[in-house]
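Working notes, structure below.
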Amino acid sequence: MVHQILFIIFALMCVAGAVNLLRQTHPINSALSLVVVMASLALIYLLLGAEFVAAIQVIVYAGAIMVLFVFVIMLLNAGAEERSSGSRIALIIGVPGALVLGVLVGWIMIGQNKQLGSVAISATDFGETHFIARLLFRDFLLPFEVTSVLILIAIMGAVVLGRKES
Amino acid sequence: MVPLSWYLILSAVLFCLGVLGFLLKRNIITIFMSIELMLNAVNLSFVAFANYWNARGGLLPSGKAVVGLSGHVFVFFVMVVAAAEAAVGLAIIIAVFRTRETLNVDRVNLLKL
Amino acid sequence: MTDNLHLWAIPLLPLAGAAINGLFGRHFKNRVVSTVALFFTAMSFGWAAWAVKTAWPGGGMTLPHIETLGTWIYAGKFSVPFGFYLDQLSMIMVLVVTGVGFLIHIYSVGYMAHEGGYYRFFAYLNLFMFFMLTLILANNYLLMFVGWEGVGLASYLLIGFFFLKDSAANAGKKAFIVNRIGDFAFLIGMFLIIQHWGSLNYDVVFKAVSPISPEAGWGLLTAIALCLMFGATGKSAQVPLYVWLPDAMEGPTPVSALIHAATMVTAGIYMIARSNAIFSRAPHALEVVAIIGCITAIFAATMGLAQTDIKRVLAYSTVSQLGYMFLACGVAAYSAAIFHLMTHAFFKALLFLGAGSVIHAVGGEQDMRRMGGLRKLIPRTFWVITIATIAIAGIPPFAGFFSKDEILGQVFASTHGGKILWAVGLLTAGLTSFYMFRLWFMTFFGELKLGSVDAGEEAHKASAPAHAGHGAASHSHGHADDHSHGHGGVHESPWIMIAPLMVLALLSIIGGWVGIPGSMGGHNEIGNFLKPVMTASVSTEHAGETAGLQERQTEEPKENNSEELMLAAISVGVALIGFYFAWLLYYKRPELPDKITAKIHGIYLLVLHKYYVDEGYSQLIIKPLLALSTVVLWKGVDQAVIDGMVNGAGSASKGIGGELRRIQSGNIRSYAAWVAIGGAAVIAYMIYIGVAK
Amino acid sequence: MSITIFILAAVIKIVLIVFIMLTAVAYTTWLERKVVARIQNRWGPTRVGPFGLLQPLADGIKFILKEDLVPSGVHKGLYIMAPMLALAMALISFAVIPFGDAVSIRGYQIPLQITGVTMGADGGRSDINIGLLIILGATSIGVYGIALAGWSSNSKYSLLGSLRASAQMISYELALGLSLVGILLLSGSLSLREIVNQQSNTWVIGGFNTHLPHWYIFPQFIAFFIYLMAAYAETNRIPFDLPEAETELVAGYHTEYSSMKFAMFFMAEYLNMFTVGCLATILFFGGWHGPALPFLPPLLQAILPLLYFAAKVLFFIFLYIWIRGTLPRFRYDQLMAFGWKFLLPLAIANIIVTGLIVALGA
């Protein structure tokens, strides 16, 4: 029972953050609501027994990527969004569209509920760091190396793009 | 014992909100953030299924044992890619802002300056 | 002992002559060209004579004598050899073709002396000889078809010899195309033969056909027979496809003599006679042949009455005589047809060459109305043509009488519908003698009206000698078959032209004696000579049933001599009546014909214009065909469909490109929308698959 | 040990630790002013209470009573939230720090650690097995506090100050993380209690007992050195306190803040110092392990580990203040260059060396 209550709390936090991301006009507010979403997701990961991933989520996502976003927003200081012609139509089409999509997927999920079974914090040290480490550096070594190259290229790209033309 | 479908529904809802943000918002950075939201939704379902498969065990169709943790590793990779994407994306946004003086997506529609 | 007769030499010799003249003739002087042409034709004639002598039935050679050089086509089970086939029928044909051909070669040396393109003429003539001999000596339908086409080609080249004259070129084209239509049917016939008997060789096909009784295989055999017959009508200028022969008179006169009288047009008859095994087992087809022959005969004869051009009259008489031969084949009297073919070759060639020398004499004038009184001016030609005219009219001692009488006798005796055909044949005989003697009187009696133009009456051919543009451009300038008046008044032809005429005249007289029927004291040597060919394929056990269809046996007991004599008498009477009328109208009272034509003006015009057949064909066939090809095929299919598709693809992609361009609007949010829609579609598809499973 | 007892114990521990920490923070200000004064050959606060001991109390009351100015044009929400966020993050990292082994109260073994748990049959004490990551997470979220503070107060100085401070913290966070990897290679576990337990006895190298305590400072002194530098930069302390240097940017990111909000920033900073101190003692100086002193009375004997731990932390605090008094300030570009071009490569080299040693040794 505790799990379900905790899950509902975190889920509500998450959805509230996401909705706030949409509602806010100023990007800084939406950025912070996104940080809230990520933090609640981290908590949900803990609920799912994925400690390492939760920690990484906080450090990498909330701590690094979102800081980057906040930085850019602060630097550019572009101010709040202003309404423009396109948004009216998008709103009219977009919202019901997303609703339909969500309901459709939700209905499918609920429909498949029996087969899916349930999930709990697994007793044994499921999300232990050293298990993930062993897996990451043995079975997934190639992807690991590839992503490291990707990151290198991304850094160079960012530097080149970000630099002021001298 | 939270049924798996709740997690999936939450992930679906987050994903839809991400798509909505991606469509509705006018500020480039906010659009960018809604993409991040979508990625997070995906991560959630990854972790949820990782836990589910770990609990179920059993054999993969290819005969190998089910490795629940691979879900986590995937989340790890998704994060790395998201980081890279964010870095390059924000650099581009800065470059765009420097030339166009605005972050409003509808203003940035001319291919030449 | 079946020694090798090297039959292949007979056709190859003229080919060699044609090659030499054709390739190097330009540099030879006329004399060299003619000697080369004559030498090879003579060699071929000599060789043929030698081959016939050695292979004469009594001489221990088994006939038919087949020599194969090698295989020409080898496709799975079906193979066509290069083979030559000598039997009684081809012996006669070879002798006629080479003999008459050689005489005509000699004649044309004189006739063509002043024409341009001398070497070209002789090269074509030799080429024609080569193809005709191939046609006759071939041992299978396909090689015969090679000859068949080659002969058509040669006739096209020779008709269009004066290619500067539009009418000549068009006549050549017309001849070739009409022949091709006939050949088309011939081809289908051959395909049917291949389909059912797997081979085209005569011996194989006839052996396969013989066991089939008429009732059993009538469907297939009739079809093949009709196809072959239709091919023959194309080549031998019978009713539906005869239109090319009168126009073929555009060619030089020796050409008309050789090709359009003696040899080529007889190819159709030879083919029917050769495949008598098939025809005699297809009674319905025979009936059709007979009817077509009969119609052609009467039809051409009536048209011949109104012609004023001397060569046109002879052309229509040829068509009518060929109609007779078809009629003979139609009643399964193949040997009678071949007999008439032989005699006709002699006197018709003679008539044409005689007409040639008349034209030569009067300086190219072809219109009979302007000729007259040539009896004293060109006596030798006069006598020669008189013999030929008497022969063709069918007056007893001469060849024409025996062969025509033979045919009429057979027709009278044949069972179904024979009487009507005989009556029409008799009428045609009368008309033949009438228009032949009309020609005779108009040309040689009365006074010479040369130079004065009959105003008013629309001359069939341009009254004044149609000096087609004497374009000096082309050095081998062919000019109207008449030639300049440089020779002053009318003069007799040189000996080189008269000699062959004499020979032909002699042949026209004695030619008939070969086939004197039993009733008149002879024993029909030619009938017996050809009997093995005509009946060899009819196996004995069927003798009874096909009695009616079988070769008419002249010695049949119930056919008594008196009836035959009576028939002969009637035909001679009709011929004399024809003579009397011709004498009356064109000698005694020359003004009478104009009065008669005035009275029956409508009919006269109809006949004069050849029953408007040519115009009819052009309206009914050529115009719709042209319309079809332009409107439907060219405009409809080519333009609309093909071009349409190609251009359509181009414009369609441009159109779609135009539409899609609007998506690249630069508006990032629209891109986002498209991405979202795409994503939704994919998800929906996956759900569909998931749910469906 | 059921959930309820754990929660009860946790609440008590939280209250206790927060109270102790805040008073400790207050008295560190006093200590700092005293030590810096002594370094600068002057007395520091002496009037308020004996030896100025009540000075922190006076400061506290001052902060509380001062008027809480909120400048106009400020992003109200963020302006108020920023200090709270900074303080919260600073406090969170204490949740995982094990102050001592365990204390048995009425038969329950209560580990002296907020997230400490006595689990399993043998009553072994264990805690979150990703303790260290949580501290790192807390520090990285702490950056928000400063960044938002500067940006929301809508003034150029504070904006520049906050940008510089967060940039500095982000880059040094990297060096900090990498330096800790050396320790992890030796300890093999991320849980702090585990690391402390591993440093209990003496180093035995190749059978020869060096009688040196099994602290990680000895094999990892380079890592310790890098850790200290990075930590100082993280907490914006003297050699690296350019962003809030009065001479440069008035007061850096918290120029527009007054009274309580300013106090929060202040407390956050000192709490971070304490976190750094605790972490240093846990990772490098063996936490509560120290030479046994048999001559002490049993009561003291029981709380000796705590005393050891407190002594070590205090030493680090003193080190902070000492360095603050002596070292000059880095220029910004020097600061960045030092962080990226010197510390980072050194940390990576250290990792490689320790990795080799551990791999070859095992």
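A, B, C and D label the chains in the order they appear, each numbered from 1.
One rule holds in what follows: a contact is a pair of C-beta atoms (placed from the backbone, for glycine too) under 8 Å apart; a residue touches a chain by one contact, two chains touch by 3 or more.
Model, not experiment: these values are computed from the prediction.
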Touching both subunit A and subunit D (chains): none
Interface with more contacting C-beta pairs, comparing A-C to B-C: B-C
Centrality ranking, top chain (CA atoms only): B
Per Cα centroids, the chain farthest from subunit C: D
Mean-CA-position distance for subunit C and subunit A (Å): 97
Centre-of-Cα separation between subunit D and subunit C, whole angstrom: 123
Rounded Å distance, subunit B centre to subunit C centre (Cα mean): 91
Cα-centroid distance, subunit B relative to subunit D, in whole angstrom: 34
Overlap residues in subunit A, where contacts from two or more other chains coincide: 52, 56, 64, 75, 86, 90, 94, 101, 105
Touching two or more other chains - residues of subunit C: 667, 669, 673, 676
In contact (per the touch rule at the top): chain pairs: A-B, A-C, A-D, B-C
Complex contact set, residues of subunit D against subunit A: 75, 77-78, 128-130, 133-134, 136-137, 140-141, 143-144, 147-148, 150-151, 159, 162-163, 166, 170, 173, 188, 190
Residue numbers on subunit A that touch subunit D, as the complex places them: 28-29, 32, 35, 51-52, 54-56, 58-59, 62-64, 67, 70-71, 74-75, 125, 128-130
Of all residues in subunit A, those that touch subunit B in their complex: 3-4, 7, 11, 14-15, 18-19, 21-22, 27, 30-31, 34, 37-38, 41, 44-45, 47-50, 52-53, 56-57, 60-61, 64-65, 68-69, 72-73, 75-76, 78, 81-87, 90-91, 94-95, 98-99, 101-102, 105-106, 109-110, 112-113, 116-120, 122, 126-127, 131-132, 135-136, 139-140, 143, 147, 150-151, 153-155, 157-162, 164
Partner subunit A, residues of subunit B touching it in the complex: 1-10, 12-21, 23-27, 29-30, 32-34, 36-37, 40, 43-44, 47-48, 50-52, 54-56, 67-70, 72-73, 75-77, 79-88, 90-95, 97-98, 102-104, 106-107
Contacting residues of subunit C [partner subunit B, same complex]: 665-669, 672-673, 675-676, 679
